[in-house]
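What follows are several structures.
Both complexes shown next keep chain A, but they swap its partner, so chain B is in the first and chain C is in the second.
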Partner chain A sequence: MRIDPQQDYFALFGLPRRFELDGAALESAFHNLQAEVHPDRHAHLPEAEQRRAMQWATWVNEAFRTLRKPLPRAIYLLELAGVDAGLETNTAMSPAFLMEQMEWREAVEEARAAGEADELEHLRQRLVHHGREMLAGLTEAFDRRGDLDAAAESVRRMMFIEKLQEEIDDALEALES
Partner chain B sequence: MAYSEKVLDHYENPRNVGSFGKDEEGVATGMVGAPACGDVMKLQIKVGKDGVIEDAKFKTYGCGSAIASSSLVTEWVKGKTINQALEIKNTEIAEELALPPVKIHCSILAEDAIKAAVADYKKKHEA
Partner chain C sequence: MALLQIAEPGMSTEPHRHRLAAGIDLGTTNSLVASVRNGIAVCLADEEGRTMLPSVVRYLADGGIVVGRTARAEQVSDPRNTIVSVKRFMGRGLKDVTHVESSPYDFVDAPGMVRLRTVQGIKSPVEVSAEVLKVLRDRAEAALGGELAGVVITVPAYFDDAQRQATKDAAKLAGLNVLRLLNEPTAAAVAYGLDNASEGIYAVYDLGGGTFDLSILKLSRGVFEVLSTNGDAALGGDDFDHRLFCWILDQADIEPPSSEDARRLQMKAREAKELLTVSEEAPIHVRLGSGEEVNLTITRAQFEEMTAHLVRKTLAPMRKALRDADLTPEDVKGVVMVGGATRMPRIQRSVAEFFGQEPLTNLDPDKVVALGAAIQANALAGNRKDEDDWLLLDVIPLSLGLETMGGLTEKIVPRNSTLPIARAQEFTTFKDGQTAMAFHVVQGERELVADCRSLARFELRGIPPMAAGAARIRVTFQVDADGLLSVSAREMSSRVEASVLVKPSYGLTDEEIAGMLREGVDRAGDDMLLRALREQQVEADRLLEATAQALAKDGDLLDDAERAAVGQAVESLREARNGTDHRLVKQRIDALARATDEFAARRMDRGVRSALAGHKVDEIEL
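Right after this comes the complex of A and B.
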């Protein structure tokens, strides 16, 4: 087996270490590796090697989950670069951004209380659009400007967007049931 | 996760929820957010001419612990001078509410909200 646990997740899948990612290439590299480390292929080997194959399988899965979605991928890229995204500690977001978040949350809360599924759907559309813009900004910061501080700031903001997304989905689900 | 009785009390009967008018005399606002959980907290203080906090209001979108932490600090800051309010530590908030380790960041958020509100007050009044 040619897996080296010292390498980073991008190297593991033979992908360039950058934010923009070829999803199809990741997918196919993942399936190839998965087949390689599958426990069934190692059933005839001594127990120690079976156990190692199992660990590799877990590691490959973890690597895939990390790179597949933009936000965990961005956090991982910052980690690799030794930049702390400050998700637990950095509470000093721009007041304008936080005010906007508060307004979003109020709008979701009101629409949910009033049972306005259409309004929630409308908010969701706006949020999707907003999320795409932020993603473009993140790509720009990572891959074109190499500005990791700006990337970390974007990541912190996107955590709020993600939470908002969950709140809207929750509200829509509650109204449907 | 089980919330402590004090958290539940503040969560079910939050004190001082709401907002002051933006242009009300002596009002300052602190906005903070916790990226890890997407919580957003707004804390407003109303400061008298003598520098004592007369009233406080909050609005928080977050978990029970975040709501309880902000509700508690609105009670604690009342009657304190702005500089005394700055001495409130997140560890005291966490202790009072018996927050588990994974919720300590909620108390940090509340402490940072006080600091942000006082900073806003100073910016407006000491310039």
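Right after this comes the complex of A and C.
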């Protein structure tokens, strides 16, 4: 079977198509490919080759960005499997999860209003930890049980967490400037 | 047949012909040019053996232009026509310029970029910078004994699109072929990393005369990967001088000073600041234009107290950059200090405190950027040797987006994305039968468009009339390896295609650049024409050589007819190249480039295929 790397970033980097991924292998494959296609390697060549180099390097960067972090990787895996993660349409969450989210949000809001950078940092660390726990569940759903619906549900939850983390970052930046 | 002609004498096909290349650090206070000679990067000196060229340009009434030390010496007697720290005005409107009230210039507020009225008329910061670049170009060509095939010019990592474009325009005006705009901290990391064979996470703290950058890099097996960058494009050593200058005015009870006195006091402030780096106190003796004398003494402790807020201002970007890279100060293996302002003891202490380690200062903080740029220029010009197997991966410092309803920004390209990057977003019409759509491109992190930098406005016309919400308008942002943006928009749902490319409104238009170039030609007469011809000839030789090499290596990718077509384009370029019409040479260069376009595509595919080991590769779509 011939693989068309245009269709599959995993194949592009020579990695198995699964959620759990060897970060070092990904990085080294990324570096090897960029060493070949990066515009800096073609700067002395005619314009057409420079243009082509930019397109390739752009694409390799996009592939790396997609696979490097767990959340975009999970969304991409669902996409490959033809499963709509329902990021925009399916916002129905369990009441327990929503309650938990509200508590997080209140804590962030309180710390922001009080201008407590240390507290925000602390919340951020807890959130990062929480996100890591969810990753274990995602690995289980994707790679061991092959339960894509459960994976999609986890992805939607992780989107909430990511959004919250961004809010904390924004609050921290606002406090620092 | 064609192949035989290509191999004819008179055309070099040696694989390692050395091309002259240089790295230029176009600084706020000083500029330098460096080049790799005998495998080692060195800063090139003027006749008196000095490598640093003060970035000062003086316009004389008789039409002459003086650059450097001589110009700097005259800044007190002729402040209005002697431009210092012009980098602060690059790509900036009047409202963005700090300390306007104490600047001796006659500012002219122009759309896009501020201008300066001088005895030689109104000058754009781009033109002023081009004068500095020309001196460095001449210095390099004299030292290297030939014309430069290309240069790498460094810019602050935190420069936005308009500032980068302005820098590139200045290079164009100075007749330089820019191989790449390179971020200053990245250049420093290259010089440092290759010198020390470093591995791991490094931070580069770069406080120049007018800009502050903080970059976090990961160095591994010859790859310099920028993880994040942050900074302040309007914070530098100049601000420390300014603080001290204000203190002198206050202490000596000087009413708003004359332009001459202002320059005099600013120079004294700078001298005192530099003295305080090595000594605990500094005397300030100045005789004002009125004959009145100022006699003050400042201690290091006083100076550090009055500038503490400036040092603190560099802390927030450090924290942000680490957060964006998901790192903590403990993850950082070494901190490289760049820029003359990092010599201040208070800065060194504060950086050491933040990272919990002494910063690295074993490379000259004034030269390290130029040296890194020279190493990069050498590689980009095609002089790379097998042992130079290193690669730079840099990022975009500030997010790019579009204005949406209610004056809000929709981010399209997030900051710290690895370059090059392309991102597309779809929009739709909101009225029935709508045939045009306006776009406003902005750069910055803030939610409100008003708080971001406006880069360009453009309109997509010719959308076929459809019901509201039926049109699919795809807007694509492409940022190249120089960090420069181009935007295009296209209606997708119909067969009608309309597409538009934009240039930042903060840069100069192509017509303005052309006008400035013409002005130069008028002044210098035949010299400029000759120069233009020689530039095109260098470009022609480069292309002919590259084509010959490509044919020798991958000629089998073309059939006989294709090879004949390329051969013909080669022949007519060579003919034009030996003539005297630089426009014709340019035309034929473009023609050959077009004729080899498909060949280039096939060659690239072959290269990538070998890297991918057997995977099928189709043309990619962006």
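As a working rule, the second predicted complex is superposed on the first by the 154 of 177 C-alpha atoms of A that agree within 3 Å, B and C clash if a C-alpha of one lies under 4 Å from a C-alpha of the other, contacts with A are read in each partner's own complex, and residues count from 1 in each chain.
One rule holds in what follows: contacts are C-beta pairs under 8 Å (C-beta built on N, C-alpha and C of every residue); 3 or more make two chains touch, one makes a residue touch a chain.
Owing to the predicted nature of the structure, the values given are computational and were not obtained by experimental measurement.
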TODO: Give one of first, second, both or neither to describe whether A:105 is in contact with chain B, with chain C, with both, or with none.
DONE: first
Task: Per-residue contact with chain A, leading partner among chain C and chain B - done: C
Task: Partner chain in contact with A:62 - chain B first, chain C second, else both or neither - done: second
Open item on the list: Contacts for A:33 in the overlay, against chain B (first) and chain C (second): which applies, first, second, both or neither?
Closed with: second
TODO: Could you look at A:162 and tell me whether it touches chain B, chain C, both or neither (first, second, both, neither)?
DONE: first
Open item on the list: Going by the contact rule set out at the top, does A:95 touch chain B (first), chain C (second), both, or neither?
Closed with: first
Task: Shared contact residues on chain A - chain B and chain C - done: none
TODO: Within their complex, state which residues of chain B touch chain A.
DONE: 29, 31-40, 42, 59, 61, 105, 108-109, 112, 116
Task: Interfacial residue positions of chain A with respect to chain B in the complex - done: 85-93, 95, 97-99, 101-102, 105, 109, 155-157, 159-160, 162-164, 166
- [ ] Under the touch definition given earlier, write down the residues of chain A that touch chain C in their complex.
- [x] 2-6, 11-12, 14, 27, 31-41, 43-49, 52-59, 61-62, 64-65, 169, 172-173, 176-177
TODO: State the interface residues of chain C toward chain A in the complex, per the touch definition above.
DONE: 19, 150, 179-180, 220-221, 223, 315-316, 319-320, 323, 376, 379-382, 389, 391-393, 417-422, 445, 478, 480-481, 542-543, 546-547, 550, 592-594, 596-597, 599-601, 603-604, 607-608, 611-613, 615-618, 620, 622
